[in-house]
Each structure stands twice: as structure tokens, then as C-alpha cells.
């Protein structure tokens, strides 16, 4: 990646901020509207299912609380990964990057299990309004986590190749922004879908 | 000031009509000649807004034209003064539109609440059901079901309950009922009191597929006695054709043909996909008020519905001429 | 540093000026396609009970006319100017992300081609006709667009095409926000930014906020049509009105995405040709921002006939009327800019004044359907067709032509012919009024829109014929413009750096600008550098070699993945989706790891 050129260019920008980081904040703003639309739709159709399974019959809060905790912890690993990259401690950077990615993979595994469990119990995309809105909302979030995992693994490979150093801290910082954002969105979804039934 | 406005309000539609009369006419689907309390309320509001719009138009376009002529470049003229702005002016031309918009908003909001009040007790209830591409009308208190042509008594408040059987349509009879969308899963309302006897045209206003253009309708506003006679006729069973007549053959063909799958004729068939035909011949039009109700058009319709009306659910019946003649004779007998 | 030539240099270009030209010509071609669709529509309606095209074809024509004009012509024409002009106006070497910019262009081109392919691929779907073009209206109202009522692939082409184009718009939006905020020349404070760049910024914010909403709405529709969900289906408890809310929540900001750039153009043209600074610069900028904000609170005025109840009607009516205030303020400031000036009636000014004059009419008819009861007679009739064409043709299109005549010399080095330009202007102005003014009456007299035929009994036949004549007048005007463009290539007057005596930075360099834009990035001390401080921004020869980035194949390659993935859904070919995704991911990776400097 062309980090070096950008990082230097960053010092000459009108706002004094790195352009890629600003673009990423704009991207997050845009993503907020995406999830706001999805979550609003979920809320609008809440309780509009004509037949079961209904949320309270099927949602497994303890299980999903574990997934949520796992994702929260992965955000912490992400913070540690960035800190390691910034102090050019590439050994620990590799560890924490991999840790974050594994955290994401565990979350995705949990989602795969949850989805297949729901399908076994008769809740499909097509079944009712709950299935329709639940799978599309949480599935979109899951796709975001998957992109994040792919991104983290790419960074990890780069680190293993020795191509990721503290000069690329901005790249890791942006990855972190994305990861934390996905985490925050999950906390909202967890609250809206699971906790407030 | 007030007198002035009223004058403008009276003059403007007049002027508009004069301009239009120069083109052609009459305009049976016009929004500008209301024939109900609802239509009048809307027209009154629109006339006021139109007056303000004309005033603003004249002033602003006038200023623009004046500036263009007055300040056109002339050779040898001194360089213009580089003015950057003027706070008092900015405030003035912010407040002026505010004032005008208040003059528009106040009657608007009053009219919104006035025209969307629920139907009073004793209003004539009619359920309007949109289908691709025809209208079904049910009078629950009178036990009448008909299609495309709505009959109403003059001077009596009507409450329409609108819903759709398939996609979104919009019920629009400009002279008396304005417009309201017909949405599946929702029941919308139009409340109005037609005040002049006559036949009014309307049509679907929300794009609803291939034959959206052919989803038309008619409203007959009638005297009480005419309306009651119509109701009595609609409530009676279908006309029984004379034995051994062509129509009787047609009835037999109808009963043994594909027709019964979709159409109801009271006591004969009970299909619900197409319009109720019990009193088809009492209507002036067929096929979503698109073609006149006569033997020729009926025959063309029965054998060529998809060509005549793109996307029509009704198939080409492909009847032999003898059978077609008989069926048409039967249908034409259903007064 | 000489400019590379040849096909490869265009396919791999990351130069904002070249991408601007690519945007321009592509969008202009789509503009002509949309125009031909309009002529067919008007031919069908020239007489009652017309038989020029069938009902199915007509429905495809009006759907594609709207979709093409909005997403493939007007928006990208604006983006062409964003690309070519904004970096020059703010004193930048390029946009913030040149390869992302190239990606935006290729995605736009491929999305447009993808959607228009639907005209020719009917036989592949055994449709029984050549065309399976989208036929649900540019607004694609559910539940008509659900599989149950639209079985063929027509709507799939529409919704997937829009998804692809959305990617392009989003990427462009991020790019221009960062470019304008971050790559300004020294001294170019935000309140010294030219108004066109300001409106580009505001539009870009609208793009990145409005497009996610339509994206989700389209995803829902895609799932309903292809995977059996029920977002807009009544039978399972869904509600088709949700589509309308989401669509217009996007759709109204979209209206401002279409008009704000044109407002920006004329805010540049009017000062230049009256020899005066823009009157009330601050007010014009803030009212643009205010319009963008308020544009989010008015969507339900597209839905007054839906039956949302009197309170919603009253609220949305009030917010809609409020938005007329900043709009009116802009118009007064433009007139005040002309006031006291030395107005030169060159073609760009004529188009800019045409914008104001026509936009006033569109604005006023807009106020009449901001009133819900009045709107109950007007919505879905030709009155609204008249309104939107006064706003989008009289407004946006005239504004964009003002921009074309104004910036043509900067983009090509040659001035468009003034005589032909004036003939073009008057033909177009007369043509549009002949075409669209009668539509006010046609609508008020009871003709709904989106009808392929109408009865002679309505009494609107003559007016429809007049309107059709006007449409063909516009077509003649376009031929004059095309002729002007062709002869300008060889016979056009060489422009020089600043043919109009403009005040903003793009006029400080040669026409067309060198590949590196500014030899030395100027330092700006005022809003109108070329008027107030010409000596400080004048361009000298570069002191040494100036590095410009090499081209890249990867943005185009990545873009190819998107229509393949979309095609997979229509063709029900899962393997194709994987191929598309693989190409997209591969392209992004190669692009991400490509050595590249800005």
C-alpha cells in the first residue's frame, strides 16, 4: 500500500489530517445511515409477524451475550495491535492482529451456528416478518465482520512478510476504526433485537 | 386588500378557462370545475395559491428582466461597483417569502383538517377495491356490488373506503372526489358530497402496470329517485333470457364455458377474479370504463381481451362466431 | 512532463481532467439516449389512442427515460464538472484518491451499460420480445415491482443497475468531500472557496448520506424478488408503503443532488459576466447547506395521496414550504449579482439567466403541490411532469449547459461558437416552454402521468401535440449544440487562459491545463484571486520536473467485478457471482498494494 506517500502528504493537507483517515470517517458516517435504515425497518416490523417462531421463542440471549463479549474483547485486541504497531513491536502486533481476527471468526462461527439453529427450528428468511428482518439485519452485520476478518488477516500476512511496520500505523489505525465501528453497531443490534423484545 | 384578493380569486380561474377554451374543450376530467364540497375546498385553496404564485412570478421575473435590460454592458461604462452583499436586503427577501408562505400555509392546514375529517353518521358507505385494471364497488348497506361505474345520489355525503386487491392504485375523480391512493393492506378514505347531477370521469392515477392507462371509471351522480331505481335494479337477480332465444343459448354457453371461473352472475356463477356481470348491460362501458358497452365491443373483448387491453388477465376466449354471438347476446340482456 | 496518449493512457488514467472528460462524454451519450426515449414518449402521446409503441414498450420508455436522465445523465454530467473543475478551483494537483476516482467512473460506465443491455437481451429470457428493460417507473414502487406482479428480469436489471451506480456515487462522494476539505491551496479558507466547489461539497455529503438509504431499500426489494422475504408484501405482514418512505427519504435529497451543482455553476457564471462578485456569498453558501439539511425532512410530500393522516400532511407541508425560503433567497442574490453590473450576454450567461427564469416557474408550481389538498389534484398528473421538467430541465439542464459553454474553453482550449450557442439557447428555451408549459394545463385538465394512451374525450389532444412539437424543438437545439461541438474541434477560436475574465483559480492556468495543473501551487488571499491579486496566482513555467502518478489498470478491473456479480443474480449462475467477486477482490488487492504516489 502506498502508506508512505500518503502519510507524508498527510502533513500538508488543509485540515492537517490524513486524507485516508478522513475518508474513512466519512465512510463510517455513510455506514451509519445504512444500519440506521436496517435497524429502523426491523423496529417498524417488530411484532408484525403473522405466524411464529417469534423472537422470544427462539432467541438465545446467553449464547449471543457470549458472542457479544467475544466481539467486544476483539476490539480490545485491536487496540493492543495498533499500540504494538505504533511502537514498532511487530511480534506482539502479529499476535494481537491474529487475536482480533480469531475473535471475529469466533463471532462469525457463533452466527453460523445461530442461523442454522434458527432454520432447524423453522425460522427462515421466508417464514415471517421476524425472519425477513432479522436475517437481513444481522446478516449484513455479519458480512461486515467477514470483510473485517479478511482485512485483518491481510494485515497479518503483511506483518509476517515483514512488510508491515510502524510506518504503516495509519493503515492499522483505519482497520481499527472499522473494527470498532462494526463492534458498536453490533452492540446496538444486540440491544435492539435481543435485549429489548 | 381582502376585496382585491377575492377579485383576483374570481378572475384567475376565469382567465385560465378563457385561455383553455381557445384550445379545445369540453374537459370532462378537469380539476378546475369542482362539483362537490371537497372539490370546491381544494379548488378554492389552489386558486389562492395560484394567485400568490402569479404575483411572485410577475415581481421576480420582472426584476430579473429589468436587471438584464438596465445593466447590460455598454461600451465605455465605468467598471461596476464590487458590492458583496447587503444585510438589510438579505433580511427583507428572507422575510417576504416567509410572509407569503404563511398566507399559503394557514389555509392549507385548515383545508387539510377540514377535508380529512371522518365521514359523518348516515353517510352513504361505498367500498372501493382496486384491481389490475378495474374498479370494484361494494355498497355494504345496500347489498349492491358493481364495477367501474359508481352511482351516487346527489346532495348526500359519501364515505369511500379504498383498498386494493393487488398493487397500489389511486382513485381519482377530479370533479368530485379528488384523489387518494388505493393501497393493499390499508384502508383509505375519501369523504365528499356531490352537489350536481351528472356523469364524471375519473381514472387510476398511480402507475399500476401494463394497462394503467386503461383503468378508468365513471361516476353517475343522480337524483334520489334515479339512484333508488338503480339500486333496486342492481339488487334484483339477473334477467332470465327467454327460452330458446339466442341469449338463452348464450347463458348455457356461459355456464359451461371458462367464464364462470372468474365472473359472478348472481345465481349463475360465482367467480371473483373479474367484475361482477349480473347487471353488465346496465353499465355504459366495459373493461375498466375503457370501451363502450355495445355488442361489437363486447365481442371484441371476449375474443381479443389481451390485444385490446395490454396485460389483461382475461384470456383470448377464441370462441367460434356462433358461440360468441350467443354469449354477447346473453351479456347484452343483463340489464 | 508531456501528456501520454493512446488508448491505454485513457483506460488506465487517474488524471482528474481525463476522468472528467470521460464522465462528460459518457454522460452526454446517455443524455442523448434519454432524449431519444423522451422523443418516443412524446411521439406516442402526440395523438390520443396513439400506436407508435405498445403499452409495454411505453412503460419501459418512461421508466428508462427517468432513470437514465437522473442517474446516467444529469448526475454524472455534474460529476464531470466536479472532476474537471473542482481540483483546479481549489488549487490541487488532483483529487484526494485518483484511483478511487477512476474506479467511480468505470463503475458508472459499466452500471449504465448493464442497465441498458436490458433493451436487447429479451430472447435470452424467452421474453417473446427483444426488450426486458425496466418497466416499473424510475421510482419502482413496491409492490408492483415484486416478483408476483413483475415476473420478468426487467425490475432486476433496474435494481441491480442502481446498486452498481450507487457504488460509483458513494465512492465519488467520499473522494470529493476529502478533496475539498483537505487539498485546498494555501490560503483557500472554506469561506474563500468558489461556490461551485461549495455546492460540490454539499452534494457529496448528500450522496454519501442518501445512497445508503436507497441501497438498503433496493436490497430489501432484491431479497423479496429473489430470496422470498416479505419486506413489501402485504400477505405476510409487510407494507409496500415502507418502500415509498425509504425511496423518498433518498429521493428528495437526490433532487438536491441534481440541482445544487447547477446552482453552483450559475453562481460562478453570473459574477463573471456581470463583472461583479457574487452578491451575498455567505448567504448563498449557507442557504445551499440549509437546503441540503432541510431536504431530509420533506420526503413525505411525495406521498400526500398515500393517506398518512392530517398531522403528517400538515407537518410535511410546512417543512416543504420552509425549504422554499433558502431557495428564494438564492434567487434574489443572483438577481442582485446582476444588479448594477456590466452584463455581457455571452452564451454561458444566457443559459444561467435561463436557469433562473425557468427555475422560478418550477419553484412556484412546487409550492402549489406543497399544499397537500391541492396536491391531491396534482400529484401523478402532467402538472407534476411540468413541475419536474421546469426544475430539472429548466434548472439543472440549462445550468449544466451554462457550465459547458463556460468551461468548454478551459477543458478543450477552444471556445464554442457564440452564434451557434445563441441559436442553441433560444431554440432550447422556446422548445422547453412549448414542450412543458402546456403540461401544466394537461395535468389540471385531468390527464394522469405514466399513461401510454389517453382518450380524445379528455380534450387535451391539441395541447399534447403542441408539447410534442416542443420536444422535437429541443432535439433540434441539441443538434445545433452537437454541430457546434464538432466544428469547434477544428474551427473554434483558441481561448487563451481566461477568455471570460473569470475570477477563480481555474482561469489562472493555460487552456487546457497542463497535466500537473499548477506549476506552483498558488497562495490565495481572497475569494476572487484573479480579480483581486492576479500577480500572486499567475502561472509560470515549472522550475523542475513535476511528478504525476502513472496510470493503473486495477480500478477498471475491480469495476468489472460488479456487473458480473449483478449478472449472476439475473442469470441464476452462482459461479458467475464467484467470478465477479474474485475479480473485484483481486482488483482491490492489486490496487491496494500497487506502488503509487500522489
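Remarks
Which chain is which? They are A, B and C, in the order written, and residues in each are numbered from 1.
Note that in this section a contact is a pair of C-beta atoms (placed from the backbone, for glycine too) under 8 Å apart; a residue touches a chain by one contact, two chains touch by 3 or more.
Remember, predicted model here, so these are calculated numbers, not experimental data.
Chain centres here are C-alpha means, and the one lying farthest from chain A is B. Interface comparison, A-C versus B-C: the higher count of C-beta contacts falls to B-C.
With centres taken as mean C-alpha coordinates, the chain found closest to the middle of all protein C-alpha atoms is C. Chain A and chain B have Cα centroids separated by 52 Å. Centre-to-centre separation between chain A and chain C, using Cα means, comes to 34 Å. Computed centre separation for the pair chain B/chain C is 34 angstrom, with centres defined by C-alpha atoms.
Counting partner chains per residue, chain C has residues 239 touching two or more of them. Residues of chain A that touch chain C in their complex: 1-2, 5-6, 9, 13-15, 17, 19, 22-23, 26-27, 29-31, 33-34, 37-38, 41, 44-45, 48-50, 125-126, 128-129, 131-133, 136, 140, 154. Listed in rising order, the residues of chain C touching chain A in the complex are 96-97, 170, 173-175, 177-178, 181-184, 188, 208-209, 211-213, 215-217, 219-220, 223, 227-231, 236-239, 242, 246, 589, 592-598. The part of chain B that touches chain C in the complex is made up of residues 19-20, 23-32, 41-42, 45-46, 49-50, 52-53, 56-57, 60-61, 63-64, 67-68, 71-74, 77, 79-86, 89-90, 93-94, 96-98, 101, 104-105, 108-109, 111-113, 115-116, 132, 166-168, 170, 172, 174, 178-181, 183-186, 188-189, 201, 203-214, 216, 310-311. Chain C contributes residues 54-56, 59, 136-137, 141, 143-144, 149-150, 234, 239-241, 274-277, 279-283, 305-307, 309-310, 313-314, 317-318, 321-322, 324-325, 328-329, 331-333, 335-336, 338-345, 353, 356-357, 360-361, 364-365, 367-368, 370-374, 376-381, 441, 444-455, 457-463 to its touches with chain B in the complex.
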